[in-house]
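Chain IDs A, B, C and D follow the sequence of writing; residue 1 opens each chain.
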């Protein structure tokens, strides 16, 4: 059975495991104050050309999102997010649990936010009986595989600056976004255009871990205390530093992302050749084929995947996700099996 | 240099690492819904003789404490804790950040809570202008190495039942408590006498992880949603299940704790033989010698440890902690070096 | 200048002021534990045919909404509300500030929620990575003058029961709803069909005050403690009891509402006769004319009102609100002046 | 029966009622944006010699305390308060409900905080695993009638500045403090020495209302939004402005406080003449006699008062409170009746 359910259902890349194993017997100072974390943070600052960035290693994506938002905002300030944003649709109300309202912007199928949607909320919220929008949440790639261009991110960044808004970018799938076709954004661009963003490890080769990069100096300072308060400080914090050090050495992180994207794109192309259309044109490691309902029982036998939603009475949108660990044999195998079916 | 700073400054036990390595290439379903977690939970239910307990794997201790408390309480309900309780003194206001007041009870040097202290708060809070005490937080062992006897825990449990209070036991160092001399508590006792407690992995052989055992059926049910909301769901949740499965197989967990306690007790005895008194008589893996200030520079050269507080103008209380990884050579070496100094 | 801006811009009805003045020199026990509150609560229980209801006097509407919601829900539970609901659009994120997510349902122009919208959220949230919908928030009348029929409220109530949801009704403008044409709901109906609702005083004759009626016995009990915690306990609580006692004696409350509604309906009819259409057909004390933009400068000179939104490039939706204090002279005067203009 | 239970059990001063009655039929803009509030705020700024202060009218004391604290602090910041502080002992966990920890300092019987107690918490919390103390809460007068001298408040203010702490003064009973014997503080002193403080109306002549004076410009700005969010915006906000305008005209506020204090001091002197000692020497409108338990049944018949606590097995501390409305006849009557008893 081929596995395309998601990109966090297998352990870590062997190089990461090796690094963890090697360091296992060492005595290391706790809570992320160790040399591994320091080294990994230095590497990230260098890759981002952001020598003054504060790098904080977190355990997971939901945790990173709400901890950063809670750290950055005052109680009456709110978050502008696409309706489809992970903070809105997949995190059990985590941001609201820290007291902040989500202002939910409608977007196209690719889930990308536009400056106009931001401005509409800013206008509406000039009324002081409402919350004050203060942070714009986006993700790259989005939940439906949308990737921002440099021009788009620059426009968002400028809109935020003009409206006294912080720009926060969820990078749970940043690797795949940055290696996708037509992408023209780099880590230094992200560091320059956002106030904070993170480099996702969980979905790209790590056991767990996200590296939060806080570039806006006004948001730096007491972050450790709120990280502790919200349960995001790992006692053996060096485990995160070791993993990011391994992933960021010799470009392994991007190599893994490139493989994941190649597998997904090969699969997307193959499915199209079989006459299966896509909900959205995704250049990332997630693709969204629209399949006849009659195909679903066969898919269930062939592979692990997710039902995304209903297309029409006779068609269903499904999601296939690849990862660093997806073998070409799975992609070719699925395509061959599907070809036999049609 | 000998290492006695704490019990979470080294990786995991080799058997744990081996189990993680072996499972690394497998595809496993995420978020703790996997067979490893199921198996580990079954093992725990069996060891606790609590077939209906809900077992939730958490990443760290602070996270477990505030997530459980937030899940169990209504907004106007408060927590009775020893002043020295970890929730009060070491967690950056994590419980308050979920909205709950801590009622801080004074205790003796061993940090153990008494029914009288509980009753005093219950009496005071009959005034409905105050919060309603609803949960008693204790830890076994306490922050200063105190261990509850079965009689003591039974008395606390009864006091809680009589006053409509939940009893929650922080077991970050539960292993060392349960294997300590004179201890007469068992896991089934804990399951019977508390509403929830946890079995700490981080400080006893795991990379990370605490196993929360919720025995009170009224507290079970929607726990996963709040766990997700508070960032405590690990995407690759099986990593926790694997570790607990390894630790709970063939009594490894208790074997590791026994080693830690033996090392600490050997050290405590040796120090006493050198004429060094203790702040408190601790039967666990943490000991608290009172040393002349003139000894501190020598200690700094010899070993990693922590300053706990001032005893008097000429003496300082220090803390030495052992773990599953502490070699007898370190203990003997430190004692020999200290003997040479005196 | 005629005043139609809103229904909370004038003091209280003279009978209320008289009652307050009369009791002013008396010594009364504080915090709402007084005979006036007790009497008013008894009156409300009687009018609602709900002898076991818990009646809590609150100071304002926003406060009542979030205090009730915070009291009724567990942290992971969320609220289904119309997008246009007061809790979503006018309360500065008050509900989110207590930690709860708002699930925002789209409705027609009248702002009334349907069982289908509720069921859609219930279905979506079977996914335990999301919040659990637990309370449905509606208001009667709605923000745009919509009034629920008994059949509609019964259907909502049944839908809530079938889906383990609480039904909470914001009655800030309940008086006007209950006296509006075609209304077939009574206070006993509300007590029977909802789990809690409130009778708004601020917008119908009181200086301030809302009477929260909690009929579901499972939601009663510790309400005073959270009311205190959230700042909703008035030290001189009897001031609220006195006002509700005055309003509920001899049907004054409904008499005042009837006047407000009659004034608004007379105005609505008159405006239609002048060829001005309405955004929505409102039977309450709020009406929403669609006027040519060229009329706005004249309106600005004639009366106080609010701009509600843009209808099209040449037309604007405005809001006129009447109250117990609106004199017929104002209505007739405005209509006459407008007639002269057209 | 003489009334000495507290100072918030009678309506408002007749001049306040008259002002409210006079303005009752007027149309006024809501939410505190009205000319009455503006005028009262101007008066307060003038009396405080603080032309740039932001004055916010609030409904009650608990609400003022937690709203200000929530507005001023970041999530990881905590409050240093005397154990006996109203925020700690009488507000049902309201501050914690906004997410902030209270660091509870021990004080003498008068409840006054010292710079040393502040510094001790600052030292302890250099550990970044703890909250960061950021605000010092004091009240003048304290819960036990303590009054700060100018030298004491200056020392606290300086200590706060040196340690990056805000100084917030709860003035629920500020009037009585400022008119008490030996007091050498003025409103301009308070404005200069604190970052924010409030002038309590509820306990000194108003129906309800506290005037929060925010002098630190960095704390000003978005206060209205959080005030709205926390339910502290009164729809008919002008009711608060009218009351403070009345109280602050021709020194009525201080005249009322002076009367209350005179009554309490007369009573205190008389009780001492009868051989009854005091728990603490209070120069304010609250006194704390230590009476033989055998006297309690007689007191119960003679007057309304509160039991404060146990002195020893045979004596009880009671609390007598006077207000603007306490007649000399009550004081003399009680003293005469007690004299007859002894």
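Here is the rule we go by: a residue touches a chain if its C-beta (ideal position, glycine included) is under 8 Å from a C-beta of that chain, and two chains touch if they have at least 3 such contacts.
Treat the numbers as computed from the prediction; the structure is a model and nothing was measured.
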Farthest chain relative to subunit D (centres taken as mean CA coordinates): A
Which of A-B and A-C has more C-beta pairs touching across its chains: A-B
Distance between the centres, which are taken as Cα means, of subunit D and subunit A, whole angstrom: 50
Subunit A and subunit C: spacing of chain centres that average the CA atoms, whole Å: 42
Cα-centroid distance, subunit A relative to subunit B, in whole angstrom: 34
Where subunit B touches two or more other chains at once, by residue number: 75-76, 91-93, 97-99, 129-131, 225-226, 228-229
Chain contact graph, described as a line, ring, star, complete graph or other shape: complete
Subunit A contact footprint on subunit C (complex, rising order): 75-76, 78, 89-93, 96-102, 104, 129-131
Contact set on subunit D toward subunit A in their complex: 31, 70-71, 74-76, 98-99, 128-132, 222, 224-226, 228-229
Residues of subunit B touching subunit A in the complex: 3, 5-6, 8-12, 14, 17, 20-21, 23-30, 59-63, 66-67, 91-94, 97, 202-203, 207-208, 225-226, 228-236, 239, 304, 325
